[in-house]
Structure formats: structure tokens, C-alpha cells
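In what follows, chain A forms one complex with chain B and a second complex with chain C.
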Partner chain A sequence: MKTDFSKEFIWHVLLLAAVFLMLWPILFMISTSFKDLNQVFESTLNPLPWPPTFSNYLSVLESFPLLTYIWNTFFIAAVVTVCKAATSVLAAFAFVYYDFKYKETVFNGMLLTFFIPITVLIMPNYLMMAKLDLLDTPWGVILPCLVDGMGVFLMRQTMRSIPKPLLEAAILDGAKPHQILWKVVLPLIKPSVLAVSILFFINSWNEYFWPLLILQDKDNYTLPLALQMFISAEGGSEWGIAMAVATLTSLPPLLLYCFCQKFIINTFMQSGVKG
Partner chain B sequence: MQNSIVFSHVNKSYGKTAVIENLNLEIREGERLILLGPSGCGKTTTLRMIAGFEEISGGELYMNGKVVNDLPPGERNIAMVFQSYALFPHLTVWDNITFGLQLQKLPEDEIRSRTEKALDILHLKGYEHKKTHELSGGQKQRVALCRAIVKHSPYFLLDEPLSNLDAQLRQKARTELVKLHEMFKPTMIYVTHDQIEAMTVADRIAVMNRGELQQIDTPENIYHHPANTFVASFIGSPAMNIIKARFDNKKLAVGKCCLEVPEAWCKLIGSRKELLFGLRPEACVPKFDGGMLKGQVEFMENTGNLKTASLRLGSGENCFIQASDPKLSLQSVQGFDFDWSNVNLFDAATGMNIGYVR
Partner chain C sequence: MSKNSKEALLYIFPAAALFLLFFYWPLLQNIYLSFFSWNMVSPTMKFVGIENFTELLASAELLKILLNTVLFVAIMLILNFVLPYLYSFVLGHLVHRWNAFYRSALFLPSTLSLAVASILFLWIYNPLAGPLSIVLGWFDMESPRWFKESYLVIFAICTIIGWKVFGYNLIIMLAAMVAVPREMIEAAKLENASNWVIFKKIILPMTSSTAIYVFTITVVFGLQYVLVPVNMLTQGGPDQGSSNLVYIIYQYAFTFFQTGKSAAYAVITMICYLAFLYVKNKYLEKKVYYEN
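Let's look at the complex of A and B:
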């Protein structure tokens, strides 16, 4: 018992440290958003600004087209999420329930795409978007993000956990493939689809580099891009306002994750056990 | 014949491994055929070939007189009950049962009347709106049956449908299943490894081993006239005694005993020398002095209604005998008598039954 306790104690200390390291920047961001510029420089590390000021948030709401940026970001994230989820489910369905030549090879090839650094893909993708005349449009951001190897992989793992007799029962009843997908498979894997969708949404919402390359017009900016307008390399950055925007930006994904944590963790547990 | 199923020289192999070899089997319309065998004998594969889930590597499968080798499962008009029941966990009992009917786009009142009737037969009234995880094992099994019978299919396949039930329920379910079949009379193919289930449910039993059909016959014949030593030792518990024997000059040497062989049997044996002597334990009449075959009691088993003793014969082989009278103590048994009409003789080389004296 005693060793158990001390073991657990050490683990908890380590975990606490990890949690602190991860939460500290967020706490710092939130507290800075409630400080005026003087406070930012006088008591930089003080996590509880006193008196807290709401002026940052007020000026964001007054002088900053927040709604436009939220809409831009949301539009891209929503389209990307829906398409990625759809392509992942369809591809996984084919990988699990169809037998075709070179299935394993194709699947392994798809897994290999995990290991290609994003930076390598930037050039060809950019050139393609330029050729398609989609630079500086949301579609230029969306198009290269419609398929995700990780999504296919996770969906495949989930689908493999569906007992085969369920599908055979449906087949004997005369169900066509699309009916099997729609009436049997999807209802059973709904939680997992939801979970990967949330991850896709959060990732797309937070994406910075790719939109930065594609979008030039400020009206098309997404929130992470807009954020950067308040920070300039030469100094004179408005830290308080920047942090207020940052807080507002990170709020939706944070809330989304909090509500759907259970699904997300289950999905990853499943893929680990069955893989 | 209508709604019969015929396997003609059917082979099934996965890569180079043959699972079923040259299967010839005719399943008659409206009969209850049991596919029985140890695990891995190919019985489930055979069933799945009928359903269309397993491709047929060679030969033809006929259903209703037509070759169906390439007919997709959904077009074979088959109802099937799976070992795991395969109920859709996201649907209610009602939706599970009507799943196939709704896909077929049957008229609403037809679906309703069929389902109501099936629910009534299987005592599931009042459970329509429950989800399947709220049901007990027995109820799930009945829902699975219900889903199969509402289809009104001429073919009814069951893959070990009772193996997930406990012993008492299993017996009840068995009788219900037979009643259900009598009601609709589909051609029923039932896979099991449980010989009691096979004996009680079957019109005919097909015994399989290692991908080969060993014998297909009525339960009585399978039990009393096994075609070969495999069937003889697979059916019955304890199994049939099979003892090495040597035939010479109208005498059969079994263990250290020498038996006079009746004239009719001698003709049947002909020129064979090495034989296997088969006798069911209950066909042995215990003797406390002498007996046609002699041996020493090695150990005893008591199952309450039956007492079994294992005798060690002179040649070192064991022979089980069963006392029909449970009060009889077998402790001091010296040997046993038997009637030649209960004897099975097998060719030692091939293991095949040499036939019977009628």
C-alpha cells in the first residue's frame, strides 16, 4: 500500500507540473487581456491584475471587425470539418468493407503521408492554388485540406470494431452499400465521427501558416491572422488588446473540447486498443 | 425440388488451404438439417456458402434448382440467426425486426401484421420499444428469431443460435425452435457442435469432420449405425467403445477374449482380418462373474441417473460400460455381455463401417 501511495504521489507531482506548464501561458494570456499597457510592463508576471480593466475588450469590440473574422474562420473550419469527416468515413468504409487489389498497399501509402512534413507540401499546394486562381480566397485555404490521412485511419479503426455479423445481417436483408453505411455503420460510430470532427474543427480554427500564405486581403483574414496585426516586430505592440483577441479566439475551441472530451478520448483509446 | 439446397462437388479453399473438399449434400425442402462437427470442421463455412458470404472455389451450389454460386447474399431470400444474434444496438426491438421489411419497402400494414404475429409467437409483446441492450440473453435470442421469421423466407439458417444461452434456457429454446419450424416449414439448416441439440432438433444430421461430410442420416441411424469410426466416437457420451479386434477362422479376438462370430457376420466380414469392434456403453450388460468380454474396473463415474465404469481389457484397452439400473454397483464387475445386433464392425484400415446383419 505504501509503495502504491508514494508512486502515485510522484506521478501526481509530475502531472501537476505538466498541467501547470500547459496552463501557464493560457493563464498569462487571460490575465494580460485584463491589464492596461502600464500594468503589462509593471507587473508582467502578476496573474491577477488589480484593478482589472475591460478596456481591451471594449476597444476590440469597437474598432475591430471581430464578427467578420469569426465568420471567416468559422466558414473555413466548418467546410473543412464537414468535408474531412465525409471523406474519412467514406474512405474508411471502403478500406474496411471492400476487398480490392492492392488495398493494403494503398492504405499503407496513405499512412505514409503522416510522415511528410507540412512545409514540403506548401510549395506545390501554393502553386496549385495560384494556377486555380484561388489565392486570397477562403477556397484556396480550404481546398488542400479536404482529406486527412489521420481521419481515415481513426475511422477505419473504429469501423473495424463493429462486429461483422451486424453487417452480414443487413446484407442478407438486402441492404445496399449506401444503406449499410447510412443505417448501420454511421449510427454505430457517430460518437467517433463527432470526436474527429471536433479535432478537425479545432485544428482548422487554429491554423495559422497556410491561411497566412493564401490570404492577403485583411477582410479575408482568419482570427489567428488578425491576431498578428496587434503585434509588430518593431515594438509598440498592443499586448492587452492582442491578448483579448487571443482569448476570444481560443474560447470556441476550448469550450468545444470541454463539452466533447469524452468522445475524443474514447476515440483515441479505441484506436490504440484495436490497432 | 423446390426450395431444396444441393451442394454438388463443392470445394472451398483459402489460398492453398482447402477447408471443404468435394462436398456433396442435398438438403430437402422443409426439413431440419443439422450440420454437426467439431470446431474447424467446415460446418460454419458450409452454412456461410449457402448465405453467400463465402465464395465457392469449385463445384456448384443449387438453390431451388438454380446455380447460385454468384448470386449476391441479398438476393438469395435467406433468413439467418447469428450466434451473436447480430441485433443492431442503435435500434429498438421493433426496428430491428422490421429492418429488412422496411428495406424491401413492404406496405406499412403488411409490416405491422407480420411483426405483431411474430412478436406474439415469440412472447415479445411489450418489448417492442426497448433497446436491445435492455434485454436478457434469452430475449435477444428471441428477437433474432423474430427478425428471421418475419421475412417469410423459404430458407432459414442458424449458426449456433443457442450457444450463448445457459443450459436451462437452451432446452426451452430448442423446443420453441422446433415448434417455430413446424409452423412455417422453411428449409432449415442449423449449425451446432452440441450433439444433444443435434439429436433433438434434427430431421437429419450431417456430420462433418476436416471439411468432409462423414455421414448424413436421421439421428437414430447416426447414433446406432455410424458410417465410420469418427461418427461413432463423436456421437454419444461416453463415446462408443472402439476396440482393436482380429478376425480369424470365424473367431474374433478382442482383448484376451475370443468371441464366436455368428454365421451372418462372418459372411459380412469376408476376408478382412484387422477390424475395429464398436459397442455403445449402454449396450454392455454388466456381469459379476464371467461375461463375453472380461476386464478389471479401473475407475467409475456417477452422473446421478447413470453409472459408468471403465473396464481394462486384457489387451490394455479401455471399455466403458453403463449400468441401466442406477442402484447397481459396478465396483465388482468382472466383464459384460452384449447382443450381436448392437455391434458395429469397422475396417481397421479405412475406419468404414462394414455393414449390418439385418
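Let's look at the complex of A and C:
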């Protein structure tokens, strides 16, 4: 065992170096959010500022409509997540349960959207939202984000793994397709649906670019957009406050990750497996 | 399997309609807009034929944009494809302890917003008082102005993307890595094969399908991820030094208000992407080992 470990030692050093590079910025963000102005500049590298101060968080609460931002972000992310999950499950069910013309073409067409760069789409979509009079509303952000090529792909992967005899038995029992979807398929794939939903939620929560174009009024901002306000004065001195907002923005994804870690990692691992 | 295609249509309709409306329609719309000169607000659009394309192809800017794009892609391929590939080999086959810890820790940054990552690294790279400038100071080095110098800015932005995406790509590669039978590796070790030989002769061929997938998303998504830090930290500057094929579409539409040029760039970018995906499917996928 001991010789094994000494053989592995160099690899552990390499891995630990990578872990340090990955975790240090996060630790640094959290610790800076508890530093006052002096500590930010005088003990920049000290990860444990003493005494820690909550003044950054308090002034964020005072000078920003923080709860509004949290609600805006949550509302958009929740609607997007539910709709993406629904459209993905429905489409995947059609691909697995039915046989129809051009099935492969339609599926590939959906998967291909996954690879279209967002800037190619933003101007026409922006013009469409303007025409629909949805600029500066959460619905303008939500509407183009209700489907996901990856979601359809992952859901189809999962549904394919359901043993065929199970579906055939249900058909013999006289079950209608929607009953099969609701009573047989969904209960079996619940974990995957939940995992994909968590991913959708985290991604939407973190989204910056599209909301930036649609939302103009500061009261409609989401948390990632609020972050941008601290950048205007470059080299500004508000680092403690900026890091406090960054920490708050990161909290929900981090918590979700901590509690559902295995789940999330497994889904991500699946997403690379080709079908 | 049921052959009732009308019923199938019912299930597929919501997704298909949304995909058509918000993904495929805009692509056509771009082609249409690229033949006009317009500023997004004026009530009239002027038809200019292929003028947008000819102007764009003749400009010195295009060359710079393409060069930047290649540089972005090259650095990101190292940080987000080569490194995760090697690390996933180490994590999957060379260490037998703390694997779960390494996996979770390395994946953590992937869950955070690029907006958070951008502001975090803006402070880390701050040339006057940022942590990196302090560390460089220990070695008597002066911190460069990371986001203000051409080329350096591309490197700095790529490290932000690298930090965020490394763990995600590592996890995907790891899934392929652990699918390689352990016995094969053990057998090779008994024959005294070095780790490098094992990687080259066993791992590389057996994980190539996933590797190509990660390669693809590194290129395709990488350029897209770059949008956030570029927009937040540099707006394409200094002197278009951090702009690229994907960002310039946004610039022409929402900074310069020239929809025609923006759409023309969008069309060109889309053609580049399709060419890339086509070449990938045609040449790379053929040489690949698929398990099933």
C-alpha cells in the first residue's frame, strides 16, 4: 500500500495543484466579501480576515433592491426550467414511442440547435421581442429559452433505457399513450428529469448575455446583471461589495451543487456519452 | 412502437415550434437582413445587395477578427481540451485515493456564473492591488495591464473560461475514461508499459469518440462563453484586440447599430461553424472507436 502511494505521489501533487487553482478564487471571493475597505487592500491575500465584517452585505441590502433581483432571477429561472423540462420530455417521448417519417432528420435538427452560437440568434430574436412589445420584461427573456436541444437529447437517452416489454405490456393493457407517458415512463425517469431540471435551473440562473439585451430598467435586473454595475468604474474601490453580490449570486448554484452533487455529476457525465 | 404519426406530432409540436421560431427562423432572418442597410430604428431599410459582404471581406478588420478567433480557440483547446484529457487519465487510472474529492472540487467552478467569474478575475488580475500583482511582486515582477494589452487580453480571458470549463470537460472525459476496462491497463502495466505508452496505445483510441465531442464543444461553446467576459471587461478592446467572430456580430448590432453588417457576420460565422461540424463528421468521426 505504501509503495503504491509513493508511486501515486506525483499525480496527487498535480491534482492538488489543480484543485487549488479551482477553489482558491471561490474562497477568495467569499473571504473578500467579509473584508472592510482597509482589509481588502492591506491583507489582500489573507483568506481569514479578522474581525470579519458584515458591512458589505448590509450596504448591498441598503443600496440595492436585492430581494427584487433575487426574485427576478428566480422567476425567470423557474419558468424556463419547468418549460424546458416539459418540452424536452414530450419531444423525447415522441422520438422513443412513435415511428414517423423523417424522425432522424427532425431529431438531428433539434440537436443541431445546441451548436448554434447565441450571437447569431440575438439580433433577430431581439427584433422579434421588440415587435411583441416584450422588451424590458421577464417574458422577453423567457420566451426564446423554452426549449433545449441538449434536454431533448438527454431525455431521449434516458427513455431509450426503459425496457421495451414494459411499454408493450402497458399497450396490451389498453393504456393510451398519454397514460403510458404519465404513469409508466415518467415515474421511471423521474431522477433524470430532476437532474436535467437542476442543470437548466443553474444555467438560467447564471445567464448573463440574453437578459442583458432585453432588460433595461434596473428594477428588472437579474443578479448576474447587477454584478455588471460594479465594473463601470474600473479599479473602483467597491471590491468588498462587488464580492458580496458575487457571493450571493453564487450561493444558490453552490448549495444546489453541494446537496445534489452526485446527481449533477452523473448527468453531466451522461451528456457526453454518445447514443 | 406506434406508427400513429399524427399523435406523434402532438408531442413533438411544442419543442419543434419553438425551435423553428427562435432558432431556425432567426437564421433565415439573418440572411435577409444581410442584404440591407439599416440601423434598427429607422422605418425604412435600404436594399444594398451583397455590399455588406464585399465591404466586410475587403476590410482589414476581418483578418484581425479571424486571427483573434484562432488564437482564442488555440488557447482554449489547450486549457479545456488537452489538459482535462490528461487530467482525466490521471484521475481515472493513475490515482486510487480521494478520487471523489478531486472530482467534486475540480467541478465546482462549472456551477458558477460567467458574470461572477468575470468580476472575480477582474479583481484577481487588477494590475495595481490585485492578488496576482502581489504574487508577481514577490518575484520582483510588475503586473502587466492584463485587459489592456493586445494578445495578453486574449490569454487573460481564456484563463477565465478555462477556470469555469475545465472541470466540466474533465467530468465528461472521465466518463469515457472509466469505461476503459481496468484489466487492459493492468495487463499493459504487467508488461512494463509506461503511462505514456498506455495513454497513447490504449486510452487515446478507446476514448476518441468522447474526445471528439469535448473537442467540438470546446470550440463551439468556448467562443460563446467568451462573450460574457469580453462584454463585461473589455467590450472587444483594446482596439478590437479581444473581439472575435462571435462577439463582432453583437458589436455591429448593438454597439454600432449596423444590422446589415451584423447579419453578414452572422451568416459568415454560421458558415464557418457548419464547415467545422461537417469536417468533424466527415473526417474525424470515421477514425473513431465506438463501444456499441
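Throughout what follows, the second predicted complex is superposed on the first by the 248 of 275 C-alpha atoms of A that agree within 3 Å, B and C clash if a C-alpha of one lies under 4 Å from a C-alpha of the other, contacts with A are read in each partner's own complex, and residues count from 1 in each chain.
Throughout what follows, a residue touches a chain if its C-beta (ideal position, glycine included) is under 8 Å from a C-beta of that chain, and two chains touch if they have at least 3 such contacts.
Note that this is a predicted model, so its numbers are computed, not measured.
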Clash or fit (per the criteria above) of chain B with chain C on chain A: fit
Contacts of A:Pro163 with chain B and chain C, given as first, second, both or neither: first
Touching partner for A:Leu227 - first (chain B), second (chain C), both, neither: second
First (chain B), second (chain C), both or neither touched by A:Pro25: second
Contacts of A:Asp173 with chain B and chain C, given as first, second, both or neither: first
Chain A: partner with more touched residues, chain B or chain C: C
Three-chain overlay, closest Cα atoms of chain B and chain C, distance in Å: 7
Contact residues common to both interfaces of chain A (with chain B and with chain C): 171
Complex interface listing, chain A residues touching chain B: 163, 165-166, 168-176, 179, 183-184, 187-188
Complex contacts: residues of chain B adjacent to chain A: 51, 53, 73-76, 78-80, 82-84, 86, 88-90, 99-100, 103-104, 147, 151
Residue numbers on chain A that touch chain C, as the complex places them: 4-5, 8, 11-12, 14-15, 18-19, 21-23, 25-26, 28-29, 32, 41, 44-45, 86-88, 90-91, 93-95, 97-101, 106, 109-110, 113, 115-128, 143-144, 146-147, 149, 152, 171, 177, 202, 205-209, 212-213, 223-225, 227-228, 230-231, 234-235, 239, 242-243, 246, 249-250, 253-254, 256-257, 261, 264-265, 268-274
Sites on chain C touched by chain A in the complex: 1-5, 7-9, 11-12, 14-16, 18-19, 22-27, 29-30, 33, 40, 87, 90-91, 94-98, 102-124, 126, 128-131, 134-135, 163, 166-168, 171-176, 209-210, 213-214, 216, 220, 223-224, 227-228, 231-233, 246-247, 249-250, 253-254, 259, 262-263, 266, 269-270, 273, 277, 290
